[in-house]
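What follows is a pair of complexes built around chain A, which joins chain B in one and chain C in the other.
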Partner chain A sequence: MIFVPPPHPQYEIRYRPSYEEVANDDISRYYRKTEAEMIGSREGSDYVRTTIAQLEGRRKLKQLSELRANWDSFGSEGPTAEAIRIAGDFINHLIAVGLIPDAILPSAEGGVAVCFVREGKNADVECLNSGEVLAVRYSRNERPHAWAVEQSPAGTEATVQILSAHLSR
Partner chain B sequence: MYRRWRAVKDSFGTNEQLYRRFRRTDLVNGELVPSALKFPKKGEATGQSVNRSAFSKPEDALWDEEKRYDGWGVFQFPVACLPSELTCPDTGRRFTFFPKHVPVRKNYAHSEIWCDRLPRAHAGYVVPTSLVKLELRALISQNIQVVLTAQR
Partner chain C sequence: MPADRHYPHAPITEALIDLRVRYSDSISLERLKEFGAGIRDLYPHSGTRDVVEAEFQAEAGARSTRASSSRKTVGYIFHTADKRQAVQARLDGFTFSRFMPYENWANLRSEAYRLWNVFVDVTKPIEVQRVAVRYINQLNLPLPPGGLQFEDYLRTHPVIGPEAGQELEQFFVRLMLPQRDLMAHLVLTEALLPPQNPETVGLILDIDLFRDAIAFDVRSKEIWDILDMFRTRKNLYFEASITDAARELFT
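Up next is the complex of A and B:
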């Protein structure tokens, strides 16, 4: 017996009117207020913010794992699985203490870069394919200072503290 | 752009700018991050490629016969920001950075950022330590100005 799947519906919902178009002014006002409260609540919730940051971090790392060599036209390598794993652990640690990265990018040096760019204060943690983890911090009027991150819970914690102090100063 | 008969000019003006291409995704909150800048590897014996402003315009950094870089952006940074001395915080080794005019057949403005150890060895490109590389990349990032906005 040959199973034939049911045909797709012939119609498609292409347009969903917003509440502004179907409700009267009073109801629209009420919806707007509720919507603003929901957005405010989401932004204000550490749990939701953290969860979104973690999901976004995982999505970005997955994307980086698919990069091919010469992705930047200057011959850079894509990040290795090990560099991605180390970066993932580091990112989770940062997010857990409320330091949400501004960007997770491939490093032209080969590896993953976790970047912070905040009101004239910058910091980068680079998890390189070589196995090294390096960090740098600088601000507009301050010369960059780089250091090697010791790969241990204490080493990670020390770097997180330095970054936190630098970015919140 | 073509070199033709022109000779190498090793002196760079103090106000001279160096151009390099970038992609839109290299920008974070409008700033180019250090991770976007690649260093040569050990054994490559060449510095980071740039175009010097004395012999080119920003858009020349995107020139390619196959138009592969259409839509990319170009940033500039001053020659003066290259440090004459950087000390590795880990090993204590000292390095110096300087621009070098390395014209190629189809790009007379092509130059490279070179590194030597201190005291100078004058024995080819010296690959600095990872920490010095990162500090230099951050120093360049601090001095970058976008002159052509990236569309992609």
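Up next is the complex of A and C:
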């Protein structure tokens, strides 16, 4: 069995005080302009974008590594160190080709699920506590296609290529 | 001050040339894919370039707000097999990037020029509206037991008034510096990376030089002349931003 996320991945919503509540219109406009420039700056560099994605991935995996058994109240195991390591390796490979995960979630099967959603196309990689890695791709008009990922650099690379082709098609 | 030095272990993690364009008609993602198909022999890996759009709705009198987000593809990124180079074709333009190990400006410029001509042939933009050269350096500064003094390695860095405590855990500095003779702006960003190991501190030194509000013909030689001048100016700011102790780290 493989984890299939809901159509809309769970995004973290972080609290940020709104400068619009404390600043006048001119200051707000200036802040907005600076904010837009900084986002443009971040997005304009592949290195900065991927470094931020890798740091975010590491932060998320660290959170998942602290999950205890029964984290979902349905008796699921928390991800093992090995599942976290494999997921980290996969995430780095995916980010290196521009595939930034939309969500990194604990799997109800025990392990880590790395999820992508791109305009009606989905893909997940599930790194299970058993050491097994499963991948699935699907879209609105396509039945899910799942496969076991061979545990080797070539197996990882082949899956990265399949997912990249699917999501950028 | 040497403004054009070559370092055997240059800390450049990404050097890029960015050209923003305007098309005569609406450009399709399909056309951008055609560009990718044309360069597939050397850039076989493709991925999407996406933006996440968030929307918040608050209705008058309602107690809660609704938030939704969606990911929208705005272009594609194509990497070489060794992932040392990448080119982006987006709805707003073209970017060529060289990652570590950096070679030299001549190679960066000539490959960008070659790919740009393919991009122009396939996507047919009518003018260039913004040109930029950007170099992102990562300096791994040794962390001595007593703590790091940034002024040992940096000549441009944040300063805390001496009466206040001097301990610092994180900083992000962004300076926008007008370059009136080039009709351009230089954005110099310095930021600390989260600690990766106990012996060094990773510091990003990002120098982004751009001119916007322009309308150059897509085949104009002037674009490439400006990029050459930007690269020289970038070198000047890079050298002006570091000390000899920093230079020793990458020579």
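Please note the rule applied: the second predicted complex is superposed on the first by the 132 of 169 C-alpha atoms of A that agree within 3 Å, B and C clash if a C-alpha of one lies under 4 Å from a C-alpha of the other, contacts with A are read in each partner's own complex, and residues count from 1 in each chain.
Assume contacts are C-beta pairs under 8 Å (C-beta built on N, C-alpha and C of every residue); 3 or more make two chains touch, one makes a residue touch a chain.
Treat the numbers as computed from the prediction; the structure is a model and nothing was measured.
Trainee: Which term applies to chain B and chain C once both are placed on chain A by superposition, clash or fit?
Mentor: Fit: chain B and chain C sit side by side once superposed on chain A.
Trainee: For A:Ala36, is the partner it touches chain B (first), chain C (second), both, or none of the two (neither)?
Mentor: A:Ala36 contacts neither chain B nor chain C.
Trainee: After superposition on the shared chain, which partner residues are touched by A:Ala69: those of chain B (first), chain C (second), both, or neither?
Mentor: neither
Trainee: Please work out whether A:Trp147 is in contact with chain B alone, chain C alone, both, or neither, and reply first, second, both or neither.
Mentor: first
Trainee: Contact-wise, after the overlay, does A:Leu99 reach chain B, chain C, both or neither (first, second, both, neither)?
Mentor: Only chain C; A:Leu99 stays clear of chain B.
Trainee: With both complexes superposed on chain A, which partner does A:Tyr47 reach: first (chain B), second (chain C), both or neither?
Mentor: In the superposition, A:Tyr47 contacts chain C only.
Trainee: Could you look at A:Val117 and tell me whether it touches chain B, chain C, both or neither (first, second, both, neither)?
Mentor: A:Val117: touches chain B and chain C.
Trainee: Of the partners chain B and chain C, which touch A:Ala108 in the superposed model: first, second, both, neither?
Mentor: The first partner, chain B, only.
Trainee: Let me test your reading of the model: by the given contact rule, A:Leu167 touches which partner, first (chain B), second (chain C), both or neither?
Mentor: second
Trainee: Could you state the shortest Cα distance, in Å, between chain B and chain C after the structures are superposed?
Mentor: 6
Trainee: Mind sorting out which residues of chain A both chain B and chain C touch, each in its own complex?
Mentor: Residues 102, 117-118, which sit in both footprints.
Trainee: In their shared complex, at which residues does chain A touch chain C?
Mentor: By the definition above, chain A touches chain C via 8, 11, 13, 37-38, 41, 43-48, 51, 55, 96-100, 102, 117-119, 161, 164-165, 167-168.
Trainee: Mind pulling up the chain C residues that touch chain A in the complex?
Mentor: Touch list, chain C to chain A: 13-14, 16, 18, 45-51, 67-69, 71-73, 76-77, 79, 83, 86, 88, 95, 97, 99, 132, 134, 136, 174, 187, 189, 193-194, 204, 206, 208.
Trainee: Which part of chain A faces chain B closely enough to touch in the complex?
Mentor: For this pair, the touching residues of chain A are 72-76, 102-103, 105-109, 113, 115, 117-118, 122, 124, 126, 128, 130, 132, 134, 136, 138, 140, 143-148.
Trainee: Where on chain B does chain A make contact in their complex?
Mentor: Residues of chain B touching chain A: 21, 23, 25-26, 28-31, 33-39, 49, 68-69, 89-90, 130-135, 137-139, 141-142.
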